[in-house]
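Next come the structures, one after another.
Shared chain: chain A. Partners: chain B in the first complex, chain C in the second.
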Partner chain A sequence: MSAAALLAQASDPTNLWQWLSTSEERTVTGDIPSQVWVTLWHSVLAFVVAAAIAIPLAAFLAHARRAEVASTWIVNLGRVIPTVTIVGLLALISLRNGFGFEPWPIVIALILLALPPLYANTYTAVRDALPEAVGAARAMGLTEMQILRRVELPLATPLILAASRVALTQVVATEALAALFGGSGLGRYITFGLANRDTFEVQAGAVLVAGLAMTVDLLFWFVTRFIVPKPLRPAPASRHAVQRIKPTQSITIPINSLGGTP
Partner chain B sequence: MTGTAIELRGVTKSFPGAERPAVAPLDLRMNAGEITVLIGPSGCGKTTTLRMINRLVNPTDGVITIDGTDIRDRSLTELRRGIGYVIQQIGLFPHRTIAQNIATVPKLLGWDKARTAQRVAELAELVGIDPSMLKRYPTELSGGQQQRVGVARALAADPPVLLMDEPFGAVDPIVRAHLQDELLALQSRVHKTIVLVTHDIDEAVLLGDRVAVLNVGGVLEQIAPPDELLAHPANDFVASFVGDERGIKRLSLATVAELELEPGPVLDGGATATEIGAVLEASGLDWVGVTESGRLAGWTPVDAIDLAAASPLAGAELQPVVAQLQPSSTLRAALELILTARSSTALVTDAAGAYLGSVTLETIRAGLAS
Partner chain C sequence: MSTRRKVTLVTLAVALVALVAFGIWAVGRISELDEATQATNPLFRWEYLFKRDRTPGELWEATRQHLELTIVSVAIGTVLSAVLAALILRFHWLRGIVFTFAGFLYTIPSLALFAVLVTYNTNWTAAVIALTSYTLLIITRNIVAGIDGVPQAALDAADGLGMSRIQRLRKVEVPLAMPVILTGVRVATVTIVGLVGISVVIQLGGLATYIFDGFKRTYSTVLVLGTVAMVLLAVSLDLLLRGVERLATPWARRSAAR
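This part shows the complex of A and B:
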C-alpha cells in the first residue's frame, strides 16, 4: 500500500467538502492550487501554440481560397484520432527519448486537439467575411494583406473567438488525461482516486476539472466582449443596432409599479 | 473643370470554359466629365466591361486607357485608389464608423488626420449626410443613407473617374428617384467622368449624357445621347430594348426651346377687328391672347369683345393665362398642360414674360419627328 493510501485512510474524510479542505495534506496527489496551476499552464501553452499555428495559416489559405478540400480532410483526420491514444503514444516516445512523462506528451496532444476547431472556424470565418465589403476593399485599392488584416480578420473575429473559447475549454477539460500516463494536473485526483477506490477523491477531481473548465470558459467570454468590434457584437434583442438599448441608458422600474403599496 | 477620358480599344474578355467571349472586341470612349451609361440585357458584359476599367477583371485582349495612359502601366493599387467605385450592395465596412468608411482611401494615401477629417466633413455635406451620423456604424443607417456614404467613400480622394455598378438597384423607387436627382446635382458640381451600369432604361435616359446599348456577348449596338437613342434607334435590338414608349420617354428629355413654336392666337392690344378676325379664322378658336408691348397680358373670350370698336381689345377684360410654359419646360410638362388647357393650346413666354409663341399637340408631334 502506498503512502497516499495510508494517508487517505488516516484522515478518512466523510464528505467531498472535507476532502477538498484537507487537500494540502495529500503529498502524492499534491495540493489543489498547485495542480490547478499545472493544468492551467499546460492548457494555455497548448492553446496559444495551436492558435499561433492554426489562425494565421487558416486565414492566409482562406484569403487565397487555397487548400480548401485538403485542409478540411486533415482537420477531420485530427478529429477522429482519440486524444487518449495520442497522449499514450507520445508518452512512450517521450520516455524512450529521455524527455520524461511530462509536460510534452500532454501539451502536444492538446495542441492537436485544439488545432481542428481553430483551423476550421478561422478558415470559414475568413472565407465568408462579407464578400461585398471585401470586394469594395479590393476595388478601392487595398493590397491583399490590407484586405486580410483590415477587413477579413476583423469581420471574422466573432467566429474565431467563439471557436477559441470552445477549443480552450475543451483543452482544459481534456488535460486530465495527463495523469493517466504519469503526468500531474487535476486529473491526478481522478486517477489516484480510482486506484485507491477513494470516491471522494474521484468526485473532487471531477468537480475541479469541470469547475476550472467552466471558469476559463466564462473568463474567455468576458474577454471576448472587449475584443470584438462593437458593431459586430451580437445584439440579443434585435439585429438592428439602432433599436438596441445602450448600456448607458439603464431602465429604472419604480418599485411601486411592481405592485407594492403606494 | 476638365475630367479624364476613358478609352477602350478592341477590348475582349473570354472566361475560361465559356463558349463565347463575354465581351467581344469593344471600342468605346467615355468622354471627360460626362456620365456614360452602359445598358443591356443579362449577359451583355456591361458589368465585366466596367470591372475591366479598374482591373477587377483583366481583359483577354485590347487596350484600356485613362487620360491617355494604359491602365496596365500603373500599379494595381495606385490605379484603383484613383478610381471611385460604387456598387449596388454598397459594401461598407460594418466594423468601421461612417467617418472611417469614408476615409478609407485618404488613409491608404497617407493623408494626415486634419486633412482627412476636413475632407470627410466636406463629403458629408456634399452627399447630404448629417454630421452626427459620422460616428455611427453602417448598420444603423437606412439603405438610402448607406448608398450616400458609399458615394462619399468613392469620392473621398477626389478621383477623376467614378465607376458605378447599378448603384441604386437595391433601394426603393422613391429613394432611388431622390438619389438619381442628387447624383445629377452632384455631377453638376464635381464633373467626374462617370461610367454607370444599369438595366433600367429610364435610369439610363435620365442620368446618361451618352448611353451605350450592349447586346449579349458585349456587342456594342449603339452609343448616343439619350434623345438620339430614343428618336433614332440604330436597329431593331436597340428599338426593342429602349421599349415601346420611346415617344413618351423622349418627352422628359426635350424642352420647349427645341420646338418650332406657332404664332398662336395672340394679338397686340391695339389690333384691329380685321386682324382679330383673321387670327380667329386661322386658329378656329373662340378666344385670343393679348400682349401689351410684347408681354403676355392675358386672354379673353371672343364673346366679350366688341368687334365694332376701333381697337376692340383695348377695353377687354383680360383673364390670366394658366397654360403658360417657359422655354426650359420639358415637353412632358407641356403635354400635361395642353391636355388640361382650354382648346389644347399652351402659350410660351420667357422668364421676363415676353410672349414667344404657342404649343399644341401638333407642335410637339412635329418636334419629336424632326
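This part shows the complex of A and C:
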C-alpha cells in the first residue's frame, strides 16, 4: 500500500458513527440536514401532486361507475414501467432542454410512481363503499355530490389513507434514485460512497435513506389514527370491510398498493 | 342528461384539457432546441440499433443477465414465501410477526439495501438477497390472502368427502387460491425487473447498464435504447405471466370475467 493511501486511511473515519458525526469533509455531497430537507421536499411535492390528481379523479369515476376497465389497464401499465427508466429518460430530456438535473425529472417520476396505488385504491374504496349506506343517503334526498362527499369518501378514508401511506413511503424511499442521475437528496451519499469505495459513506447513506423512509411511514401511520372517522377506526380490518371487500383487500396494507416498480 | 354522466364528462374533459396543455407545452419546449443540435445529436440514432454489429449481441447479453437475476430471485422468493405462508396458516400467531417483518424489509429502499449488502457479500449474492427480500411481502401476502379467501362451503365439502388436512390443502385450497397466488408472483416479478435496474450500481450488468451508461456519456441513443428495452421486458413478462394465470385457472374465465 502506498504512503498516500495509508495517509488517506488514517484521516478517514473508522466507523459509521464517526462518519455521521464528523461533517467537515462533506463538501461534494452536502451536509445531512440539507439533503434530508431536499429529499422530503421532492417527495412531499410529488406525493401532493399525485394525490391531488388521483384521488378526486378516481372518486368521481368510481362514483359514476365509469372507466373501470380503462382504469385497470392504465394503472397496471403505470405499475409495470420501472421508475429508473423514467428518471433516466426525463433527466436526459431535461438536460437537453436546459432545465438541469433537478428537480423536475425526479419529481415527475415520483408522481408517476405514486399515481397507480392512489388511484387504484381510491377507486376500489369508493366503488365498494357500503351500498346500504349509499342507498340510504340517496333515499334521504342527498344529491350525488353530497353522497360522494358525505358518505362514500368518509367510508373510503381508511383504505385511501392506507394506500397513501404506502405510496408516500415508496416515494421517499425512491427519491434516492435522483442521485443516480446527478440530482441531490440522500441517495448522494450512497452513489458517492460507491464511486469512491468509501464503505462508511455508503452505509451512512443507506441508514439515512432507510431511516427517513421508516420515520415518514411511522409518522403517517400516527397521523392516520386521528384522521380516520371514529366509527371506522379499527382500520380497514373493521368488520364491515372484511366481509364486504374481496379477500385480497382485507389486510392492513391494501394489496393494490404493493408492487410499484422502483 | 343525468348527473352521473355530467360528472364523468366534466372529469374527463378536465383531464383531457390538462393533458393536451401539457403536451403542447412539452412539444414547444423540445422544439426550442436549435436545429443544429437536433441534426448532430438526435434523441435516437437508428443506426446504433440496426447498423452496429455488436448491438444485438450486447442487448441479448444484458437481457440474459437481467432475466437471470429476476428469475433466480423470484424463484427463491416464491419458495421462501410458500414456507412462510405455510407457517402462518399453521401457527396463526406468526401472522403479525411475519407481515410486520416483511413490511419492514419492503420499506428499506433498494438502493440502500444493495449498497449495504455489497459491503459484506459478493455482488451477485448481495443482489439476490436484496431482490428476494422484496418479493417476500408480496408473495406471502397473496398466498395467505388467497387461501383465506377459499369459501367455507368448499372446505366443508372437502371435509364431507373425507379428505385429510393435506389432501384438502392440495386438492381444494391451493387450486382455489391459485389466481391470487399467481397474481402475487406476477406483481413480484415485474417489481423485480425494475429493481434489477437499480442493481446496476453494484456492477451486475442488465439492461439498465444502457441507461446509466447513456446518461454518463450523454449519449441519448444508448439511454433511450435501455429504457425501451427495460419497459418492453417488464411489459412482456407481465403479459406472459397473465397468460400463465389464465391457463392455470381455466374455471376463473367462466365465473368472473374480470
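Note that in this section the second predicted complex is superposed on the first by the 220 of 262 C-alpha atoms of A that agree within 3 Å, B and C clash if a C-alpha of one lies under 4 Å from a C-alpha of the other, contacts with A are read in each partner's own complex, and residues count from 1 in each chain.
One rule holds for everything that comes next: a contact is a pair of C-beta atoms (placed from the backbone, for glycine too) under 8 Å apart; a residue touches a chain by one contact, two chains touch by 3 or more.
As the structure is a computational prediction, the values presented were derived from the model and not from experiment.
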Overlay on chain A: chain C relative to chain B, clash or fit: fit
Contacts of A:132 with chain B and chain C, given as first, second, both or neither: first
Partner chain(s) touched by A:154 [first = chain B, second = chain C, both, neither]: first
Partner chain(s) touched by A:143 [first = chain B, second = chain C, both, neither]: both
Chain B versus chain C as contact partner of A:76, first or second or both or neither: second
Chain C versus chain B, contacts on chain A by residue: C
Chain B versus chain C as contact partner of A:190, first or second or both or neither: second
First (chain B), second (chain C), both or neither touched by A:230: first
Which of chain B and chain C A:206 touches, first, second, both or neither: second
First, second, both or neither for A:57, with chain B first and chain C second: second
Smallest distance from any CA atom of chain C to any CA atom of chain B, in Å, after fitting: 11
Residues of chain A contacting chain B in one complex and chain C in the other: 143
Partner chain A, residues of chain B touching it in the complex: 54, 56, 76-83, 85, 87, 89-95, 104-105, 108, 137-140, 153
Contact set on chain C toward chain A in their complex: 3-5, 7-8, 11-12, 15, 29-30, 32-33, 37, 43, 99, 103-104, 106-113, 115-116, 118-119, 137-138, 141-142, 144-146, 148-149, 180, 183, 187-188, 190-191, 193-195, 197-198, 201-202, 208, 211-212, 214-215, 218, 220, 223-224, 226-227, 230-231, 234-235, 238
In the complex with chain B, residue positions of chain A that touch it: 130, 132-143, 146, 151, 154-155, 229-232, 240-242
Of chain A, residues touching chain C in the complex: 56-57, 60-61, 63-67, 76-77, 79-85, 88-89, 91-93, 95-97, 143-145, 169, 173-174, 176-177, 179-182, 187, 190-191, 193-194, 199, 202-203, 205-207, 209-210, 213-214, 217, 246-248, 250-253, 255, 258-262
